[in-house]
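I've put the structures underneath this note.
Both complexes below contain chain A, partnered by chain B and then by chain C.
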Partner chain A sequence: MPPSIPNAASSAVSAVTHCTWSSIAASTNRSIITSQCHRIAGFSTTASRPRFTKSRRKFRLWINGAGSVFKKHKPDGPNYLKPMTGAASPGLHPFPINPFYRSHPVLDEKARETVWRKVMQEGEPIKAVSAEFGIDINRVAAIVRLKEVEKDWEIKGKKLARPYARAMLSMLPTSSLGAQYQNKPYEAINEVHVHPYTMQQIYWPTSESRHFTREDAAKAFHKDMLSADKRVPHPELIQMEKNLLNGMSPHDAAAEFKKAVMESEQEAAEKQVAKAEREEKYLTRVKSKRFEFRFKQYNSENVGPQGKNRKTVGWRYGAPYYDRQKDHQIKIPTSVP
Partner chain B sequence: MKPKRFHGLKRPKLRQSWNKYNLFNLAHMRSPKIGRGDNETFFQQKWRAKGMLRAYHGEHVVERKWERMFRRRLLAVAEMNPKYMAAFDGSELAAGRGSGRQIPPRWEMDNRSRMRVTPYMQMAFAPMERRLDIAVFRAMFASSARQARQFCVHGAVKVNGKKMPFPGYRLNPGDMFQVDPERVMFATGAKKDPSAMRPRRQPAAALPSNDTDAPAEDAAEAEAAAENAEEAAEAKPADAEQDPDTTDAPEPVRADMKPTRQQIQDIVKKAKQIIAEEDLSGGQKQSLRKFIKEVKPLLTRAGRPSASPTEITDELARMLGELKIGRDTSAEEESKKEAESDDPLDDLTSAQLEQLEARMQEHIRNEQENPYDPTKPYATPWRPRPFMAPFATIPRYLEVNQNICAAVYLRHPVARRGDAEVPTPFPYEVNQLAYNWYLRRR
Partner chain C sequence: MVVKIRLARFGRRNAPFYNIVIAHARTARNSKPLEVIGTYDPMPKADPYDDSGKLHKDIKIDTIRAKYWIGVGAQPSEPVWRMFAMLGIIEPQFKKSERREPPPLPETIKQQLIAQAKQKKQN
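Our next item is the complex of A and B:
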């Protein structure tokens, strides 16, 4: 292979620039300068080094070409990369080669306000609001909680991050609610957790004539297992559908449903209060100038069958005490009440 | 420590970040055909897959810590249709076996779509999503997981209203976390123009005295300074107020009166300067001197430990209200009349006027919410940083309120049919191999 010769112009330029530089820098006698020039200006078989590596060049080409659409956000909805594999609905998969992650829409400002109004001003039970709009119970509670903080900030005159919120909601897919008309459910609300007991395949001989229901199936998995009808977040919804099937008018069924969820919410609240009261009963609070000491009654004999229960207090012979282990040196709290 | 080539182009690694290099790498990522050929052992396949995933999922978390966090149990949910559950009690699935009602399974017809499976393996890194710093990144309050971690460490993140400086705190379902909005605006906002970041030179203290309405201007400045003092004094107690989501009583914070004192002193200094340099009328000079005299006891009161900032600012505001040394208002009134006489708005109809007013209101609101403010560490008026939109997604296990930069961790991420909640850029097979790698010890 013949040696590749760099083009004449560029080598000449480099020689000239080198000469001028050295003459300025050194300003010694002419003979040295000429000899240096000769050495540099000789043939070189290597090509001049490109300014950018290939990968850098490709990056620059993309970011200034096809990728430039992502630079400035247009406020008309999400702008994701094009998916590689055949996705169910194009445009909502932020990761091109993972079709299993979908960017679900978030509720917009008006929808959150509607939910807050329904719960806090119209006094509807959370479960009823959840069923009406098809929003998860926990999400309804969270929306109200966050909205309360927002209102509190507004009253206090704290500055909200409005420009940020507006930009974010224009980038994300959003979903809105109309308080007046029938809405498409926002998400599945009656989901049941896949319990580890139900993950096993069991051989359960039973007679053919037996009426084997979900209840029996749950008992087959474990004696304490509840059936799916009881484990769903909205068992009242199933009762409502049953009422409808039995010929109750939709109006009455809805009224009964509302009554049932109101009762269940009341019950849950009472349970919580009772639990707090019970805990308070076994707690002695002593206020000092700086701290509040809380003493709990504790039975030190309560150490479990092996005497190694993790929740016992104090050091126990044979029970490992991890306090000095490397991971446990910083006590990261496990919960914030 | 941050790896040397965090967003490398030659051997690209996907990261939890909104960097444009990361976007390029994400856009050019092809399915790493691990395990398709027979050129790698199973160990090698798992090793490579796990390496790719760990570079993305919490790469700042040491491997040992992650190994302790890893759980082999993957969470999933199944949708239950209340209509179906009301109509059937489940016995119909078992009925008729062997009595002719059984439908024989047709395996050859079983061309269920790939999207109908529950992608359990995509949940391999679900425990990582519980970490506070990762959750802050997922809620889009920080531009990278590392930045989110820094926010935690620097004390800008609260969990249930209490400061949580540990990025490794694992959120429990129902936990609310909030980030300081200023930090969020900084993290998600466009960069400031570097030329604007240079500190500007302060104007000279002494002003030229040949300007006619200089005293009025100076008085206005003094008033502005007093307002600042009020703000500074009031900002302190506001911080100490009860957070609505904590049960703890607020810690009493003693108001720091030093800046207030300094500002009062500045006002006095300015007033003295005005008396010395401007040509004022006798009355104006008198009122200024009286003001200086009255302010002095206020200054000593501000120095006492029992000083109440609100009282002092009220006093100061009252004194400044009494001080009237502005220039005559007659000239202003004249100019106002002139403006009214040739008003271009007279020609518009009422509807047009209303429209104009609405637009003005909108403009004013925008201006108030998003003003130009050179003191901020980000470009003002705030705008999102470039190349941000393709990363914008909020997983369903979080409920975010962007206005207050707070979010609630609703539950642990779950898998459901055709959908896994863990945001991972990698396909199923890679996640599966990585999951198998971590099963090793367990």
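Our next item is the complex of A and C:
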């Protein structure tokens, strides 16, 4: 297929108008008029000549030949280019010259619905759902939150971008869940956050007879440091494994795990309620015609002896505020209100 | 020199933010004050997940220090006065009151006036 030249007709028309305009302006010699016709370049509605470059030509040859399978995507799964260098799993690398970028499977619509149903309708704790399906706690929470928004929109009659979601999911590798049977874990859920205190190398002499546990290791790093067993997202899973090792039946161990997880969620909820109550205690609400004024009690003696404590209220004097510095302009929220 | 309780404007263009400060009256607005006792964010905000259209304004204030400074004679500026009045620290500057009716005229004067009016009509 030869490259088409758009606006061929309109460019001819514009050339004619240019000539007429210049003929009125000059109106002396025919040869001058024609030469001016060629020289006028001030304003033109003519589209620039599309360049048919070598790379474009090569791309066209490829897409009509070997690459014709990539013209339209295949339904149900990704249709990525083959990696140029040897990669472990072909078909999961969307960028052919970057073998390190792997496209991870996303949870499909049904899986997300299952997670939402388990949490919101069956009332299971988020941690239990996370452990059951091997999905990170944060991801479970995010799924539930977004599903809630979706349901809310449906009730309000807002239109959802279903065709877009369907198209995206059909192009990406997906992972599904079966609520009835045992699933392969979706991702690692019990990763320990690398605390900066643990990044140091310490020479810590101990006697050979001493039983040096994770608790001791944590204390070696810092006096307030918790052990890795307590810092993981699911310490209850560790307890469950310990119970199993001690000879408890799997059924009982699972029941105990569920109980512990429920208690921990209850505790977290109570903490949140207590925090809200504490904040409300120091808050005075005054309603005016248009706004509610919220006066929060504050101890102005928090400024410290130098008056530069970080906890102090308000704009600080004599301290630079870097909000317009290049590195400080990241405005992505880091928490969910 | 008079000690004032007033606002010091910080923040950015179109994004004001005020410190509620104790300062000598003749010092510059944003100069270092004697004390910062709170902040006032005049930009109305909605609560997260609340689309009812209700807005609120956040004020942080150390009421104990505010009462102390009022007690020793610091003079609040008008906006600060309004805020303190909302908290009940001081009386409102401008009280809303009922419309005043003039006291009724004594009977004798009333009759005189009526007689005068009648005479005018006859003329």
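Here is the rule we use: the second predicted complex is superposed on the first by the 229 of 337 C-alpha atoms of A that agree within 3 Å, B and C clash if a C-alpha of one lies under 4 Å from a C-alpha of the other, contacts with A are read in each partner's own complex, and residues count from 1 in each chain.
Convention: a contact is a pair of C-beta atoms (placed from the backbone, for glycine too) under 8 Å apart; a residue touches a chain by one contact, two chains touch by 3 or more.
All figures in this text were calculated on a predicted structure; none of them were measured in a lab.
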Message = For A:His73 in the superposed arrangement: first (chain B), second (chain C), both or neither?
response = first
Request  = Give one of first, second, both or neither to describe whether A:Thr284 is in contact with chain B, with chain C, with both, or with none.
outcome  = second
Query = Now for A:Gly65: first (chain B), second (chain C), both, or neither, which partner does it touch?
reply = neither
Task = May I ask you to decide whether A:Phe293 touches chain B, chain C, both, or neither, giving the answer as first, second, both or neither?
result = second
Query = Touching A:Val303 in the superposition: chain B (first), chain C (second), both, neither?
reply = second
Task = Tell me which partner A:Gly123 touches in the superposition: chain B (first), chain C (second), both or neither.
result = neither
Inquiry  = In this superposition, which partner touches a larger number of chain A residues, chain B or chain C?
reply    = B
Query = For A:Pro337, is the partner it touches chain B (first), chain C (second), both, or none of the two (neither)?
reply = both
Message = If we overlay the two complexes on their shared chain A, which of chain B and chain C does A:Gly314 touch? Say first, second, both or neither.
response = second
Task = List the residues of chain A that touch chain B in one complex and chain C in the other.
result = 337
Task = Note which residues of chain C are touching chain A in the complex, please.
result = 8, 10-12, 17, 19-20, 32-33, 35-39, 44, 48-49, 54-63, 65, 83, 86-87
Query = Can you name the residues of chain A that touch chain C in the complex?
reply = 284, 286, 290-300, 303, 312-315, 317-318, 323, 337
Note = Counting only contacts in the complex, chain B reaches chain A at residues 9-10, 20-21, 23-24, 26-31, 64-65, 68, 73, 75-83, 85-87, 89-91, 94, 97-99, 115, 119, 122, 140, 159-160, 162, 164, 166, 168-170, 172-176, 178, 181, 184-185, 188-189, 238, 241, 244-245, 247, 369-370, 381-384, 386-396, 399-408, 410-411, 414, 416, 418-428
Note = Listed in rising order, chain A residues that touch chain B in their complex are 53, 55-56, 58-59, 62-63, 67, 70-73, 78-81, 84-85, 88, 94-104, 106, 112, 136, 138-139, 142-143, 145-150, 152-153, 156, 158-165, 167-169, 171-172, 187-188, 190-194, 196, 208, 210-215, 217, 228-229, 232, 234, 237-242, 244-245, 327, 330, 332-337
